[in-house]
Structure formats: C-alpha cells, structure tokens
Amino acid sequence: MFWEREANRDDPKWTDLARLAGGRAGVAVLGATGSVGQRFVQLLADHPWFEVRALTASESSAGKPYGEAVAWAQTTPLPPAIAALEVRSTDAASAAACRAEGCRLVFSALDPSVAGEAETAFAEAGCTVVSNARSHRMDPDVPLLVPEVNADHLALLRRQRFASGGAILTNPNCSTIGLVLALKPLVKAFGVARVHVVTMQALSGAGLPGVPAASAVDNLIPYIGGEEEKLETETRKILGRLDDGRIEEHEIAVSAACNRVPVIDGHTLCVSVELEAKASPADLRKAWETFSGQPQLLSLPIAPAQPVHYLDAPDAPQPRLHRDLERGMAITVGRLRPCNLFDYKFVTLSHNTLRGAAGGSLLVAELAIARGYVDGLKVEQ
Amino acid sequence: MFWEREANRDDPKWTDLARLAGGRAGVAVLGATGSVGQRFVQLLADHPWFEVRALTASESSAGKPYGEAVAWAQTTPLPPAIAALEVRSTDAASAAACRAEGCRLVFSALDPSVAGEAETAFAEAGCTVVSNARSHRMDPDVPLLVPEVNADHLALLRRQRFASGGAILTNPNCSTIGLVLALKPLVKAFGVARVHVVTMQALSGAGLPGVPAASAVDNLIPYIGGEEEKLETETRKILGRLDDGRIEEHEIAVSAACNRVPVIDGHTLCVSVELEAKASPADLRKAWETFSGQPQLLSLPIAPAQPVHYLDAPDAPQPRLHRDLERGMAITVGRLRPCNLFDYKFVTLSHNTLRGAAGGSLLVAELAIARGYVDGLKVEQ
Amino acid sequence: MFWEREANRDDPKWTDLARLAGGRAGVAVLGATGSVGQRFVQLLADHPWFEVRALTASESSAGKPYGEAVAWAQTTPLPPAIAALEVRSTDAASAAACRAEGCRLVFSALDPSVAGEAETAFAEAGCTVVSNARSHRMDPDVPLLVPEVNADHLALLRRQRFASGGAILTNPNCSTIGLVLALKPLVKAFGVARVHVVTMQALSGAGLPGVPAASAVDNLIPYIGGEEEKLETETRKILGRLDDGRIEEHEIAVSAACNRVPVIDGHTLCVSVELEAKASPADLRKAWETFSGQPQLLSLPIAPAQPVHYLDAPDAPQPRLHRDLERGMAITVGRLRPCNLFDYKFVTLSHNTLRGAAGGSLLVAELAIARGYVDGLKVEQ
Amino acid sequence: MFWEREANRDDPKWTDLARLAGGRAGVAVLGATGSVGQRFVQLLADHPWFEVRALTASESSAGKPYGEAVAWAQTTPLPPAIAALEVRSTDAASAAACRAEGCRLVFSALDPSVAGEAETAFAEAGCTVVSNARSHRMDPDVPLLVPEVNADHLALLRRQRFASGGAILTNPNCSTIGLVLALKPLVKAFGVARVHVVTMQALSGAGLPGVPAASAVDNLIPYIGGEEEKLETETRKILGRLDDGRIEEHEIAVSAACNRVPVIDGHTLCVSVELEAKASPADLRKAWETFSGQPQLLSLPIAPAQPVHYLDAPDAPQPRLHRDLERGMAITVGRLRPCNLFDYKFVTLSHNTLRGAAGGSLLVAELAIARGYVDGLKVEQ
C-alpha cells in the first residue's frame, strides 16, 4: 500500500544534463497576472535555461510593477527581481520591444478572447510563442504538443511562414494532456478504438477569479464550458499521424463528460477503453511503466524521469496525495479493472497547472529548443 | 435559468391524503445511532402514520437513553420524547420484546456485518423489516424496491414464509436508486441496452465516522468498496420482470465507476445510455417529466409529487442547490446531450440519505402498508 | 447531548397571529440579482404580508425578465411569477414608478457603492426603505435596528423629514447582529464593559462572486475589509440609549478580529466579556434563554419564538448543524466558561443571510409596520 | 503585495553546516503509523544525521512490514527501505532491542493514552526520547522545548536520573509552538503581561482518523478537548526562567479559545497582547524579523534561516499560501494593528505538523545533540 518509486517533490527541481549554449535566455510571459501566468513566473524563476525579462497583462495593469499588479497566490514567494519588472500591455508595440530586447521565446497564458491576435503579433515580431490558450490549437499548421507523445509534430513548424523567424506552438487543454499521456502507451502497444472519459477537474483550471467559493463548498458543478469538445477533438489531433507535412487525425472515438470539483489542483479522470488487440492487465501496466519519449531521451530540465506511474493502492490515485509526483510532471494511473461495456476501466490523475498548463508549455519550449526549432537558441549536451 | 417548478422544501413535509387506520403505529429503528439511523429518527419524528417506540444499537449503547448514546448530527433538534427512549441491544430478545409491545414495522439501518442475522431475527419474531442494508437485497425471495419503479415486486413477499407473519423488504444502495429512477422512464418508453455510469458520491453515504476529514478537503477518493458491483447487479434486479413469483433480471449491461467527493449530501451521476428505439431529446425529457408510479397514485405521505424533474440550466443539477427538491424525494436530471459512443449522455442527482436511504425505506414501508402487505396495518383513503 | 427544544425548520415558516390589514402589500427589492437580493426574493415569495411587485438591478440587467437576469443560487426554486417580472434600473425614475404602482415598502440589497444615493431617491419618492447596506447606518437620524434589542430607536424616524412620507431604516452588518443579540441580554441583566470578539464568517457574507474558490478550499482569510470597524462602531449605536430624539452611544469597548472561513452560511463568534456586575454561569444562561422583545410580543411573522438558545453540547454551536434553528432567525450560544482575562468566554452562531441580512431586514420592516411607522400599512391583531 | 523574502520550499531541505560525527545514527519512531508518526518517517527519510532503523505501533500492526501496516497519506512516496522494516510493538522488550541495536535516539508520536509509560520504558533502556505527546510535558524535570525560545531549559536533563543514560525531552502542543514563537521576541524586547488568543486549527492536528469528514465540509467545530488548557499552561512553562535547576513559570496571563476549521495543515491564531513597555508597530516588527536563537547559531539541519517572517499583505498570512515558508519551519505574522482592549492585535500562522509536531521534535533532537546532551552522538562543525 505504499508508493512504488522514490521520485518525489524533494528531487532537485530541474534535471542537470542538457545545457543551453550561451547562458540563460531572456523570455517573456503574456498574461502574467492570471493563474497560469503566475505559474509560469513561478517555474521560470529559477529555470536553468530561462530568465524572465518581460511580463504583459491587460491595459489596467500596464505601467505598474508586477509585484503591485499581481495578486500573487502561489505557495512560494515572488522573487523581488521579478516583482520589480514593469508590466507591459499585450500588443504589437510590446511584441516589437520584447524581441528587440532579446526575448526570442514567449510564453502565453492569455485569455482566449485576446490570445489569437496577440500571439500572432508576437510571432510576427520574430518570437517563438508557446501558448496555453486554445486559440491556435486546432490551426492546421500549428503543432499541438505533448512532448512524450507527438514530438514529431514539431515538423509542422516548417509550414508556418512567419517571415520574421517567429512561430506559434501550443499546449493542449489541461485535461486532454492527462488523458493523452495515459492513452498513448496503449495506442502504441495495442491500439485504442474508443474512449469514454468522465473528468473531475480542479478549481485552479478555471483561472482567477474562477468559480465562486459558494459553488465550491459542499457542491460540484457538472459542466465546464467547451471542455468536452476540447477533449474530444484535441485528442484526435495529438494522437494523429504526421503525413506529408500535415496531421491526419487519429480515428479514435472519444466521449467526454466534464465536472468541476472542490479540489485545488489535479484533474482526476475515470476512463474506459476499447482496445484493438487483446491485452492483459499486466500488459497495460507494462506499457504505462515503460513509456517514455523525447523529453527523457534529451534529458530536458523539466521532464519527469518516468512520465506514467501505476499505483497499486486500491484507492489511488488521489489528487492531494499524488499530484506532485516528479514535481507534478508525471501522471499517475490506478484501479485498472475490466469494464462490462469496453475492455478496461482505470483512473488517471495529472497536475493541471504543472503537467497541464505552465509546466507542459515549458516542456514544449525545452523540446523545441533541443530539437533546433528556435532560432538563436541551442542546447549543448 | 430558473427552476421550472414550484415544488420545494417549504411544501408541507407530508402529503395529507392517505391515512392509516387506527392512528399512528409503533415502529422500531435498528442501528439508530449511525448516520442513516439518525435520518430515520428525524423523518419518523413527525410522520403521520408512525411513532418511534423502540431504538436499538450496539451493546455499548444498550441501556442508555438515546439522547446520550447518539452523537446527534442532524440539522433539526432531536425530539425530547425520542431522546428519552432507552436504547436496546440488537438481538432476538429485543425482537421479541418489540413485537410484543406492538411494533409491527421495523426499519433497519444496521451495518451489513450484523444486519443479515438481526433482520432475520426480527422477521421471525413477526415484524416486517424494511432494510437499508445490503445483506438480504439479492436474496431471491426478498423484494428490492424503488416504489415508483417495481412496486409489483412486492408480490415476492408471498414466497417469504416466516411463520410469524414477519417479512423482509429491502431498499437498494443509495446510488442505485438515483440511477434506476432516471433509467426506468427510458426503459419503459424506449428500452435501454447499455449504461455507463460514473458517480460522484456524497460523504454522508459513508456513514459515521466514514471518511477522515483529511481525505475530504482538497481531495477526492476514486474508490468505494463494493459500490460498483452493487450498481451493476442491483439495477438488473430492480428493472427485472416478475415471472411466476420469481424475478427475471433485466438484461441491461451496466458499467460503473464510483468516486467519493467532498459533498455533504447528494450523489451526482454522469450517465451514458444506449437506447433500443430511436428517440429525440424531447422524447426523453417527456418520458422523465411524465413518469410516476404507485406512490403518486396512492398519495403516500413521503412520496414526491413528481419523481423526476428535468432542469434546463446548463450547469444543473448541482448537489447543494437541487438535492432538496420535493423534500429530497425527487431526483433531478440535466445536461441531456448526444454521446459519441452511446446515444445520449446526461447528469442525474439524488439525495442519498433522503431519497436514497432513510426516505426511500420509508416510502417502501408506506407502499407495503398501502398495498396490504403488513399484517395489522391498513390505509383508509 | 441533544438539542433542548423542538423549534426547527419544519415549523410553519411564518407565525400566524399578526395580520396585515387589507391583504398583501406590494414591495420592491433593490439589487435583486445579488446574493442578499436573492434571499429577499426567496423569503418574500410566500410572506403573508408582502408581495414582490418590482425588482431592480444594474443597468446591464434592466429590461430582462428576472429569471434571465439572475443566476439563481438558492436551494428553493424561483417562483415563475417572480421570474417573469421585468428587472428595472435602480434610479429615481424607477423610484417614482414603484411608488406610483403602490409599493410603499422597499428592501435594499444594494452594494454600498450605489446604495446611499439610490436609497435616498426611493425615500424621497415616498417609499419606506429597509436597507441592508452600510451607507446610511451611522446617519444620526437613521435607526440601526435589531428588533429584539432596540425597537425604541424607531422613534428616530420622527426626525427624518422626507416630505413625501418616505423613510430609511437600516439593518446592521451581519456579524454585528449575532454579537448584539448575544450581548443585549447580558447588558440588560449585568452590564457589559468590554467585549473581545473573533469572528469566523461564512462565504455567503461576501456576496457574489465573493471570494474565489481557490481561497476557500484548504484555506481561510484572516481579513474582511471594514468588518472590524463595523462591529466596533455599530454595536455601540445599537446598544445606545435614545435620549431626546438622539442616540447616545453605549460606552462598551469592543475589539474585533474578523476571518473568512470555508462555511457556506453561519457566522461563528468567539466572545470574551467583562461584566459590570457579578453573575454566575447559570445567571448568564437564564438571561439568554428568557430574553425576548417586541417581535415576540407582536407575534411578527418572521420572528423566532425564542431569539437566543443555549446549547449544552461541548462542541456546539456548529454552523452546519445549528444555523437553521427557528428558520435561521434564532441565534445559538454555547461553551460558556470562565476567561483568564475577562469574566466569561462563549461561542455564538447566527445565520448571516437569514437572521443577518435578508431575514433581519424583513423583521425590521414587520416591526416598523406593526408599530405604525409605515404610512398606509397597518396590522390588525 | 508580494512576499518579501525568497526563502521557500525550493530551498535545499537541510542546511549543510553542522555534521554528525561518525555518520548517520540509527533512530526509532514510536507510534509510526499515525499522522505525526508518518511525518516523522517522511522527514527522517533523508535527514543528514539520522537513519530510521526501528518503527513501533500497536499490537495489531506488530510483525507486519511497515508498508503494509500504514495507510501512508503523505504527499511524497514512502521509501522502499523503510516500507520493508518490520513493525514492532511498543513495549519494554522493543525498547531493550532498539537500544541494543544502536538506536540512541527515539522519536515518540504515541497517543497520550500509552505514551507516558512507553516513553519511560525507552528512557530506562538508555534511549533519549524526544516526544510529541503531552504525557511528560509538564513534569518538573522534563524540558518542554522550542529551540529558538528556551534552549537553556535543556539543563533540566541534569536532574533526570535515568541510570541508563536515557532521557525524555518534549515538544509542546502544536498550537503552543506558533504562539510562543510569536510572543518570545515581544517578551524579550518589551515584556508581555497578557495574551488573548483565538485559534483556527488544521484538521491534521487531530491525527487519524480525526474529525469525520461530514464535520469538516461547510462547518467548523468551536472546541478541541484539552487544547485551551495546554495553550494556557505550556506557554508559561516555555517562557519560564531556569532558576537553580528548576523552571519558574512566566507570569504571563493567557486566555485561549480553540477551533477546528476545514484546513489541511496550518494553525492560524488571532492574538491580542498587552505589553509591559511602550512600543511602536515598527518596534514589534523589528523584534520579530531580527529574532533568532541557538538553532540558527548552530546551523542545525532543519532550522529555518529566519524563524519569524512578517508579511505586509493586508490579508496575510493564509494557511494554504504561507504555511510552507522555509520548509514549514518558519512562522509568519501579519495584520499588526492597535487593539481597543489590549495594545496590539496580530495574526500568526505556523505549520502544525512541520514546525508544530514532527519538525519541531526533530529540531529539539538536533539541538540536544549539538549541545552534547545525547550520549554517544556528537556534532562536528
């Protein structure tokens, strides 16, 4: 009834193998005062490759020091050097200035209502934008990346023609990431034809101010706008095959039902799958536990050592206990058992703002650099 | 975005039409200090047909006044007359005494570890036992009743031959009741071949002390021992057909995944169904809203006026807002939409200790009396 | 360990003695879409004296049916007749129209940022405004009323000279009401010189959207803007003496520390008091249990039978269990014990949106009418 | 509105200056399966001085591997080497065996019902017992230690005459520790005559199973058995003066009111103080921020760099955001403001199972070793 592995949050936060040539590179965070924006700032504060040089937010925050503009709600203190940065507005002028000041890489935590246009402006200014917003995710020439799953989709960038050398990469929806990391080992080993998924998603996924407190005590909300559609469509793109410079979507059929529950961090998914080939529970477990990808091969700083952990306890995984495994970058799977309607049922859990939003985007950026897709940034092993 | 109907908890608590001949009848509650036991006491305290005359609990409570033995945790005060009753042990001697003192009807909130034997003892002593425990639910000659759904299964009692005139009736598991009330109108109108259900169940369903508080803040538990099996098997019995004095189980295939979430009362279910006949969303909605059964026909005191309510709000039903509809005896359904893998998906919510445990058992008792199955108790309309 | 009294939420909701001459009177609710506004609508929906005829909200809601404008979050359904009312803007034109259509009484749940001016406009139009906002509470000619405590302060209305016959009455801050109801019996019997109070206040007190959910799970906030000052100053006014048409504030010294905790409804207060005369615990208890006032004498519809209940359980009162006593209109006190620094310590609990905001305001209105302070409305016993 | 300092949980977990001569020493944990016992195991798992060699629990767990006996509920995995240890019973035979196998140091997380006798048995067997139980805390020859506050009380050990060389040291109640760390800088600088404290304590302080979940959702409990007495008496002993080998209690008058709130970890205290000398808010703040003691001088592994941090945000400290500062070993203070009844009011927060129970005990052990009070264990700088 104990955890099988020792990987944990007391591990060093970053792996130490892959190094950036020429020292830390300046980066910008767009939408830095929101919930995901703060997570970006927190993770970037001591990242071995990156240094936060610019932060943008809405008009009303522009001109203020970040420390005043933000209602900092992370469990680690805001570093004074970042607190002192003056917040910029999120527009084409800021884009040009950021690029001129040497920020080749930009993380976007923008609201979808403004992300589409603003991210394009930064790419046109010559920045590589890694976005957590949904605006460009389904664009045919924009890779939608889970680095362990579809690193080859990076090749789509060759079809993106920003004259400036800029580019847009996207990170999937936070619940999609957990699902796809659990599915990919099965897809690879046995094929998966159909997936039924019911989510119980954390409050932090709703951003700030998000759900009113009165809806989150002695209650749950069986609805998250647009979320079911994202799970159903993004999964097919991510699992899709790169064919002649285009993504051919995977034919997997997905049905999703999404719920908001009173949990701070960590999305829990109840999944049923129909496999294409026969497989025993031991086969599935082995597929998960031996799964790894480019981030592990390349020893990327934020990559987990083992992306998928299977837990034996009958009542695992649980969000509060297991979301932080491998600094929140690994997912956990448990309760594998036969399903009366499909082949198997299981439960999977992923940290929605680490593996899911800010950490996932950071891993996308690390991958893109390591694979030589960001002009001017290069990794030395 | 408002509720469609006026039925609410400010309605009179009991309907006023069916009356018991000869005034209030004495009843006993077995396992009266636990969570469900307390709900029985609360509901019986002012029931128009019944009067609590005897309460049993474990050896350690026997002999104490109920008011001392119980850690009363209901939101209404414990009536002094009931608080003063001396708690009895739960054994054959108590059974004989209860019957001798005129209690023909006994409600059991016993733990399954003792329920089987104790309930048989009370039935042998001549009492009609209505049980919320799982011990006898799947016995072939014991009816497992949701009064709106399978009142005809009462006929099984004819096969129960307690020489004394006693009998055992059972109430299903609290999550099964909500599922079956949502399914029955569809089964009747269109046929249902397959059902996938994921539950998010309230803490009160775990009894006392139940889940430790540390597991219920910023957390959920994706496991409830034995619950998935109960949903999968009880549903088939309840929807089954009475054939020559035996229940032929319904062939519906059910797959369930059960979770405990930080909600006080109210089980929320995400359901996908495959129908046997084509039906539009409007057809389903009509099937639910026009559904009623014997409890409504007989105007039983605790029966809801309309057992199933459909809510239009995109984010309904929610446990804290909707569980108390029709004094907790109606279920609510919402979010009906197509499913990529089955025909339809929807969400249903039921109050697990009102509709689900104590209130459901009370309705079973009222039905059995109204239909003449309890010796010596008779309803006059 | 059980509650001493039978008064409970299953009591009839309204007492049945005092009747309004001429049938139900039309009333308006200002700020009807917010949290307190919804409570007003809920309570007024079946009030024996009143009928909701007009609802106001912000410009963006004006013109819509109330059922569309409001995100109804009460546990009872919104009555269709009220849902159909067209929302009006909150301005002088609405005030004139309301009065012209016969609404002599207006309940204000407005935000303090707009309440001051708007309430004056309605009073000038000839309406009697009962306000839950803080804007006019400390005005010297405006009564700040807890009807059991300082009904005589109604006489201040004689100094309010709205030519139209209109008037403004106010209801105290929700945490002040609980404190003052617990203190007044002690002030009357023994005198109270000093009071130290630490509050643990419910989320519903913050209105909508209020506290973000992420601050209300596994957390508390040791700060509520302006709340400590309100407790310290309002208490002195309410306990003050009416002298020659003016309120002379009570000299009681109050120190308050206010906290927001993850509770839906019910403010819990830890109170220490220094008395002016010696008194035993039994004396205090008797003072509380025998306390009553004009609402009880006049049998006002929403008045509790006994305003203050003392609970014997060592761990009472608790918000979820005891806030609904006497339909939320009674307060509970428990844990009376000596204090090392003052004379006694105790805990008191009151329902902040029933006794505290909407219900308290309603009781103020009922009192004002019964005492003849509202032109054109009269009670017949 | 940001944190002033960079100290955070991403700091290295242990300071690296003081080293134990001769490598890691074997230690035992008594009561290792409970909530505090698990925290001991978690902290000891990678402690630079100690190695867990023995674990005890109740009879029912004895003989099982720890990994099976424990319901591990920490957020880091249980190390396999510790999981494999066979659990021993908690008796004199185990004591003799532990000592024989080289465990000179023993941490006790025993329940007070068994701690008194068992701890004496281990001390008699020659072990130095550092206990988190209340059993021996108020014994006149047992030091009750908060290492930054009263390290000189260690001298009491000279009066403890266990012939074997064993000894008993104690760690205060978890809420007392936070209070005393906030008070000591004020006592030292200005003198403190009277303290009024109201606590809002975390669920983890109640151990396992602790509070039922149903009491911890939409609720709080204004009572913790024995807690108020502990705060009132332990504070006087800890702040007391060592005089001729005895503790003369401090004359400070303390009144405490204790509440359990739905927070996982972190006790929040609302404190009012009466000082003996005049002091400005800036004086108090300086006293807190410059406070340090022996643990900082000796660079003990688990010691925080700065024991007390003052936070400027108007709504700080908050448990979820600030409890983990300096790996949970620093306390935070905020909201300093004048009090109408005393001199000042403020809020203080401490992590109850890190600074408060297991971490605090570990610091006591480190101090005792560094100061040469544990036979056979010695620090080299």
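Each chain carries a letter (A, B, C and D) given by its place in the written order, and its residues are counted from 1.
Note that in this section contacts are C-beta pairs under 8 Å (C-beta built on N, C-alpha and C of every residue); 3 or more make two chains touch, one makes a residue touch a chain.
These figures come from a predicted structure and were not determined experimentally.
*Asks:* Is the contact between copies chain B and chain C built from the same residues on both sides or from different ones, judged by whether over half of the numbers are shared?
*Replies:* Since more than half of the residue numbers are used by both chains, the interface counts as same.
*Asks:* With respect to inter-chain C-beta contacts, which pair, A-D or A-C, contains the greater number?
*Replies:* Answer to which pair has more contacts is A-D.
*Asks:* What is the distance, in whole Å, between the centres of chain A and chain B, each centre taken as the mean of its C-alpha atoms?
*Replies:* 44
*Asks:* How many angstrom between the C-alpha centroids of chain D and chain A?
*Replies:* Spacing between the chain centres: roughly 38 Å.
*Asks:* Give, as an integer number of Å, the spacing between the C-alpha centres of chain C and chain A.
*Replies:* Comparing mean C-alpha positions, chain C is 48 Å from chain A.
*Asks:* Mind pulling the chain A residues that touch 2 or more other chains?
*Replies:* Expected reply: 73, 215, 217-218, 262-264, 320-321.
*Asks:* State the interface residues of chain A toward chain D in the complex, per the touch definition above.
*Replies:* On the chain A side, the touching residues are 1-10, 13, 46, 67-68, 70-80, 83, 217-218, 264, 320-322, 324-325.
*Asks:* Quick check: in the complex, which residue numbers of chain A touch chain C?
*Replies:* On the chain A side, the touching residues are 35, 73, 203-204, 206, 208-218, 262-264.
*Asks:* For chain C, which residues count as touching chain D in their complex?
*Replies:* 194, 196, 198, 200, 215, 217-223, 225, 232, 253-255, 257, 259, 261-264, 268, 270, 272, 314-321, 334-335, 339-342, 345, 347
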